[in-house]
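Each in structure tokens, the structures are laid out below.
Same chain, two partners: subunit A is paired with subunit B first, then with subunit C.
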Partner chain A sequence: MKRKVVTVLLALAAFALFFSCKPKESNTAVAEVQKETEAPAADASSGTLPRNQTLYWAGLQWGSINGWNVLSDDMNNFNVSRQAYGTRITMFETLYMYNFLDGSLVPLIADGAPQWNAGKTEVTVKIKKAAKWSDGTPLTAEDVAYTYATAVKIGNTAGNSNKPYIAAVEAKDAQTVVIKAALDASGAAKNPLMLDNYLAVEYVAQKAWIQKLESRTGSDATKMKIDPAEDVVYSGPYGPYFADDQKVVLVRNDNYWGKDASMWGKLPAPKYVAHTIYADNAGGEVAFKSGEVDVSQQFNSNVQDLWLKDKLPISTYMSEAPYGICGSLPTAYFNMAIPGLDNVNVRKAIAMAVDYDAIIANAMTNQSPTFDQVPRSTMNPTPGEQALYDQKAVANLQWVGNDVAGANALLDKAGIKDTNGDGIRELNGQKLSFKASCPNGWTDWMAAIEIVAAAGEKIGIEITSVFPEWSVYQTVVTQAHQMEYEIFMMWSDGSSPTMPWNRVRQLMSSEYVGVEGNWSGNWGQYSNPKVDQIISAIPATTDPAKLKSLYTEANKIYLTDVPSFTLMYRPNCFHAVNESVWTNYPEDGDGQNIPPGDLIHGYSIAGLYTITPVK
Partner chain B sequence: MNGYRKYFGKKLLWFTITFVVAVLLNFILPRLMPGDPVAVITAKSAQGMSEASAVKEVYEHYAREFGVNDPMFKQFITYFKNALRGDFGLSFSQYPRKVSDIINDAIWWTVALQLPAIIVGWLIGNTLGALAAYIRKGFDKVIMPVALFLSSLPPFGMAVILLVLFAIKLEIAPTSGGYGFDMIPNFSWPFVKSVISHYQLPFWSIVVYATGGQAIGMRSMSIYELNADYVKYSRFLGIKDSKIVGYVFRNAMLPQITGLALSLGTMIGGALVAEIIFSYPGLGTTLLAGITMADYPLLSATTLIITFMVLLATFAIDIIYGFVDPRVKAAQFDE
Partner chain C sequence: MKHILSQIFHTGKFTMGFCIFMGILLLMVFYPLINPGDPLKIVSIGTFARPGTYISLYDAVDSRLNTLKLDEAPANRLESVLKMEDRVKMVMWFEAVEIPIGHLNIHDTEALLALWEEHYDSTVRPEGMTKADRNYFQRLDESLNRVLVTKEKILATRDASTAELQEIRAIEDTDYVNLKNVANVKRLPLGTDNFGRDVLKELVAAIRTSLVIGLIAGTIATLIGLTLGLISGFIGGIVDDIIMFVTNIFTVIPAFVLLILISYSIGQDQRGPTTVAVVIGMTAWVWTARAVRSQVISLRNRDHVNLSKLSGHNLFLIIVTDILPYIASYVVMALILQISGAILAEAQLSMLGLGPKTTEVPTLGLMMNWSMLYTAHLNGYWWAYFPVLLTIALISFSLNLMNTGLDQVFNPTLRD
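Moving on to the complex of A and B:
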């Protein structure tokens, strides 16, 4: 009897599950899209995606998607995501593709390099004649101009972040776009770097589709931004195929314009690209190891163990540490309003005493160069940024870390001593005791903060670690006058066309001082008019020697005043591949100059055209 | 019959009062959490935005969308009015999805996993517990420690053991998801097979855990009942053993039924561990994301469902007890 009951219940469960697996409503439209695109011969109509024609990612999609709307910031769709180090261009495309290996802009929709006018106030971009939308209509300059105008009108991130710097995007003719910079009082472009950023980061949407969206929403900005856009027209190589709460699948558009000789000259290798939705990193890692995932954008601790110990066909861009290209600088900020931390000797002593090698070995499992290899500055470790400042001129200011004796000597010399014998130094009669924070659950950052706290103990400064939840953490950290977090971690942005200028700005610009809801930078509220001058001078500077001297000066100030200190280097995105199904992924030294950007960010998509199936 | 009506009416009154208080708490408590959900959602769009004024615009847009600048009282009225229509508003963590859509997508997975698992665990546990109490000797010596071990093992421990053993080492079960990573849902036997095979590990991880606790409870209750006077008396009367066992287990079962009702009531939030370890779809992970992102609308709606189900379960148990157990009935009539 009991067995019968169990069997019936199991059957019921399977039945219930079966019905709950129905694709969401939005998928009916997806199915229609599928019908419209030519049905491939060996395809997924059997219900199974052919493994050797499908490329799987992990670490880019968390939770189910909300739609395919390229004008929205809220689609939670890994294919619709602007990224400074390389916008994701599987479905929608940008004028240029950013290559974070060398900082170059590779033409995509654009034909040839962008042409600046003599006064550097506007840039002209030609559009490739071959460029087409998925509905077969040509992609024109009119689409580019209308996309930008709409972005500004509805106030999405693309509009909000560009409008201070771009006055207008105009279509001169079907094949010519002119991007006009917003000008300052002197008539010069406010910031030419932001125009480069626009060219590489912002998507182009189809004017006809936007107008369709406008008519069904009555041009209501909010409605336009939350529309799931099931009817969207795209220009990239892949379009919607299937999506539910467990996966997102795109299918190749075999009529993709990019197979024209003026672009790639062929179609990307995978017929389908897919992303299974995992509950957490551990789920993605298990699937990656078992070969269910080809490209992983997840932090795999001790990634080398996967091939050295587990003997799996897994590799990274470089076969030796740091295994990838680091682009961003996770940084600990000092809250300058806290008594004690307003003293530069205290700040520098803490920064000098921290054991960075331990952070890099433990928190990053050596997936970061050490500060011996790449001395600290405002630059990321890429050769392009490193060449922009005079390393010798600041060498005496760059500390490597774990220098307890040096830090103690610095404090002693400054007269900051332990006067009451409790083992903790005092400044102006006040015990030097601070809290060091980062969000709970961000394990690599937490490990780093613990090492900062340990450093304090060695130099007579009490540092205790506190790990609030992210929702609380970022609410506090973005307040203008918060006194709760004293030494705290935030990011500094990775590679992008505006770097390293934007990073100098992010680390030190006083424009963020006193700003409520500050997600932009300088969270410690550091202020120095000399730095502000340098920050405003860099974007318009074209003379390389002058530029180098400005960056060197900014670094001198940064390393002298220590408003914050970088704890490790970190890749723009993690990039590891399992070669059990696909091979010939881009690698360091293969001469292709394709960045390790998961074959989806900016120019790294070129990898989709080089990979080949193993069998 | 009048007694029943009074008993039923009183229970219903308490049920209603508790429900109203619960609705109020469901609204207020998530909003007392530290952290600003509008800031969380803004942070998502604002990363990499260097213009402070542009970020402010983004923040204000979301604040307007969610009406968080309205006074709390006005927010409650809106919430209550909409909730009556089954509309719990937009989610913060999954904006612009509706809370009702999110729950509707996820809840069936949770129910389909939890309901059979709890019932099967309950049946197996109670049978084993009863047998251990009745047979004693060797059987009890094995069942008791095993049950203790299973119930004291944290649920995630059991899930991880099953995952490593069956999915990673033996490779006879899939590692994650509700169906094959390379499948598109369709009405075919391979797909159904895939759903069933993905169901196994999360299902058994819950069953095994539930079994242990139930077995221990049932064993103690049964031993107590087996030593009761009525059992001895029945034996003197020469009543058949199987008949006596029937009496014993019916009495021992009462607290177990309460336990079952309560675990059914709380099942919505209970499959978190299985969902996370096996990346199995469901409401548990959604709820967790809601908590970490201070997603009030999602939290309020989910906790409201849990509250309602627990209340309903206890209400049903109270009513059934009134009919089934003469002692409860008597106690109520005496008042």
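Moving on to the complex of A and C:
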């Protein structure tokens, strides 16, 4: 008997040991980095960073990191993250920095503006002579070319998304890179906008390091993509310092090449930049309020209460609503395959009846311009995009919302009436009853969907809200011919060098119809050959007047056919700062033209060079 | 019966619990009569309007005005924007821009404001001053300007054709309106929630739903528990073994885990309040079954039961007439506890986002869930969650009190 008990206990112990070891395996790499970096400075352990030399973020990192591999899409590391509105360039750098305030490209590794050839089929970029890697070797055109070649070879997102548009990235000499566009049948570039996008979004990695990685992994694509890269060489101002499941810390590289006069002329102000890993939004919010976090990328509902009511030293880019620069357009799509929603009058009536002011006040707590201020279109509210279409030409098609009378009149006129007296209108003998969905727990979207559902009631269309879990939602929404969600929310992307063209495409292009695993757009499966023509014409158009007429035409169709309707405007990223430790953050009207991108996205990193410690 | 009732109401605990519960019930019945309408209607644009009385400004300016000459009015007006902390801050501004303040007494409002008016410049960016502080001074300056100007305020309408403003009324700082004369005055005793719904109205509707959930779940749990307990206790043998085997399995699995798993697998669009109630009821019967069984076992060999058996009464009749009456008081008490437990279970489930789907009816748990999602607890919007919490506590407290009171009457070992 005793023996049996002992055996069972041993088995249990072995079992426990096995399971307790398992999660550690994936973290060994990070732990090693930690060991290595901890050695030189004894005070390096997480708790004792000098607060007045450290900048803390919140809302960028959830869960512990998997490593520092710039070639991987899977590092879950806030420093290795390509974003259309500004790639994060603390550690790895891009040729240009995107500024979503005005859509410009600011040279980083590149020297001067990109030079297009006459036919707009290739673009030449010079590399700054000062640019260096963290190991002291110069950053050359060869690195740029090799990074792109590797990306295509191993098939990461950087490679896959650019491959159709970029034929080759070649190093002409050490300081000159030529990016050749993929050509269509007529010999013109397929899409020159995607080359601009490449210049701003894609990281440059060191050729020598990639070769080291290749020899270590035997050039196996999968192995290369999951390598945690603890030995990585980087060109940015910060390098790995400490990382565990509580915190990620980077330390400034005091030999950073950017202190050269040809770039910033100095080092960024914080010696350390760090991100504490919080369990949820609430955790981050509490830390932000108490001054443990300097820059927050989290949505703070009623952000003005933080200074008006709580009297905290917190501010946003703009002092008044909408407090930030909105870039993306959370949108409700109509599933065009659903009987009833294939009728344009029904679609437009629903869109007209929705109380958008309530959505903006409730879901966004007024951190979005209203549709009175920025009339609806396929454009985001930045002046740059707004200027790209003729607002007067579509003014009679735009609706502000909460127009119940107008929506009712539209339906009555179209002969869509309540024939059996149950309070719900019928179309072709069928009751108009729809389900409106968005993922569960996405509170701002959920509030918006509730308000859409409430609008249906007022115009005799039954709309009930359904909130599936995100894991389910994402698989259904991206299916080729889903009939489950009828009115449902998805996003349309924020600012980027390909905007607003890409947004028009995302909202209406028929190239996404019937595509399995569609993450790109047009989830309602709308199709219109006229729009497709416009979408294919825009990228190659350089004449501003022609471009404006194309965008205006696209907007006319969008507002007439109503394949989807935008519910609110939303910032590319949220940006609020607590000035307990640092001050002089970029602000609206300070003449610096630094976008509110959390001092990490694209050109907003310039903010790291302007902030100063609070006296 | 009368005797029992008087006995019950003699116990202080029961009476107190009963009073609280009745109070809640009365609120539930009568409040909708005073304040009718859809409890889920969005009344305010924006989230979390504070509790209080809201006066329609639009109507107020059209109401009959009275002129009241109140000496303290200007001071009150100033006090509302210039508090002690603001005065201290103003001095900080003077120091930051190096303006000599001499022997300025910060209680000397006139001197302070004169100095402020003379020197404050919103375009100045004092060295080292945070943006938050600069914004603060700008807001302070604006509100001071608003308050200090004692000129009349002009109301105007815009002419539709010429777009010109036409004055309709001038408002003096001595104009007052009697609240009774204003057409629209809305009292929101508990403010509004994250959607802008009237919290009190929603709360009352939620109490009703939660009680219905409690009642359905409690009844189901008690019925299942009672039936299984009676059968297994009275019949015994292999039937008892099987039923107890199942019951024991359910005992070792925590009911709440089971509840979460079932709710999750049902999916949100299927989860109405009734479904949630049924699910709660199906997982909460275990202890009732065990307790009833043990009581039945002690009853089944009593003489009157044996007598019934000898008389040839069938099983059903024996259980209903000879056993049930003896355990009825226990069952009623169990039912009360089950109701209270079910209301709590609904609240817990909804807090996890597994409660009834959200748009159709309010429940206490859903109100808590939404206020938590909107971090009301972090931002001091107490009215969105505290009254709900209090209500849940009061309901379960009153039910438990009643249960204890009943226990004192019916449990021979506790009887005085």
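Keep this in mind: the second predicted complex is superposed on the first by the 568 of 615 C-alpha atoms of A that agree within 3 Å, B and C clash if a C-alpha of one lies under 4 Å from a C-alpha of the other, contacts with A are read in each partner's own complex, and residues count from 1 in each chain.
Methods note: a contact is a pair of C-beta atoms (placed from the backbone, for glycine too) under 8 Å apart; a residue touches a chain by one contact, two chains touch by 3 or more.
Note that the structure is predicted; figures quoted are calculated from it, not measured.
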{"item": "Partner chain(s) touched by A:49 [first = subunit B, second = subunit C, both, neither]", "value": "first"}
{"item": "Dominant toucher of subunit A (residue count), subunit B or subunit C", "value": "B"}
{"item": "Which of subunit B and subunit C A:64 touches, first, second, both or neither", "value": "first"}
{"item": "Partner chain in contact with A:286 - subunit B first, subunit C second, else both or neither", "value": "both"}
{"item": "First (subunit B), second (subunit C), both or neither touched by A:518", "value": "first"}
{"item": "Partner chain in contact with A:242 - subunit B first, subunit C second, else both or neither", "value": "first"}
{"item": "Contacts of A:478 with subunit B and subunit C, given as first, second, both or neither", "value": "first"}
{"item": "Touched partner set for A:392, first subunit B, second subunit C, both or neither", "value": "neither"}
{"item": "Contacts on subunit A seen with subunit B and repeated with subunit C across the two complexes", "value": "282, 286"}
{"item": "Interfacial residue positions of subunit B with respect to subunit A in the complex", "value": "33-37, 39-40, 42-59, 61, 65, 93-97, 105-106, 108-109, 111-113, 115-116, 119-120, 123-124, 127, 163, 167-168, 175-186, 188, 190-192, 195-196, 199, 203, 275-281, 285, 289, 292-294"}
{"item": "Residue ranges of subunit A in contact with subunit C within the complex", "value": "281-282, 285-286, 289, 301-302, 305, 307, 309, 312-315, 319, 357-358, 361-362, 365-366, 435, 440-441, 443, 446-447, 450-451, 453-454, 464-468, 577, 579, 583, 585, 587, 612, 614-615"}
{"item": "Residues of subunit C defined as touching subunit A within the complex", "value": "42, 45-48, 128-133, 135-136, 138, 194-196, 267-269, 353, 357-360, 373-375, 378-380"}
{"item": "Subunit A to subunit B touching residues, read off their complex", "value": "2, 5-6, 9-10, 12-14, 16-24, 44, 46-49, 51, 54, 56, 63-64, 66, 73-74, 76, 82-84, 155, 157, 160-161, 163-164, 222, 225-226, 242, 244-247, 249, 276-280, 282-283, 286-287, 290, 292, 469-472, 474-475, 478, 493, 496, 498, 502, 505-506, 511-512, 515-521"}
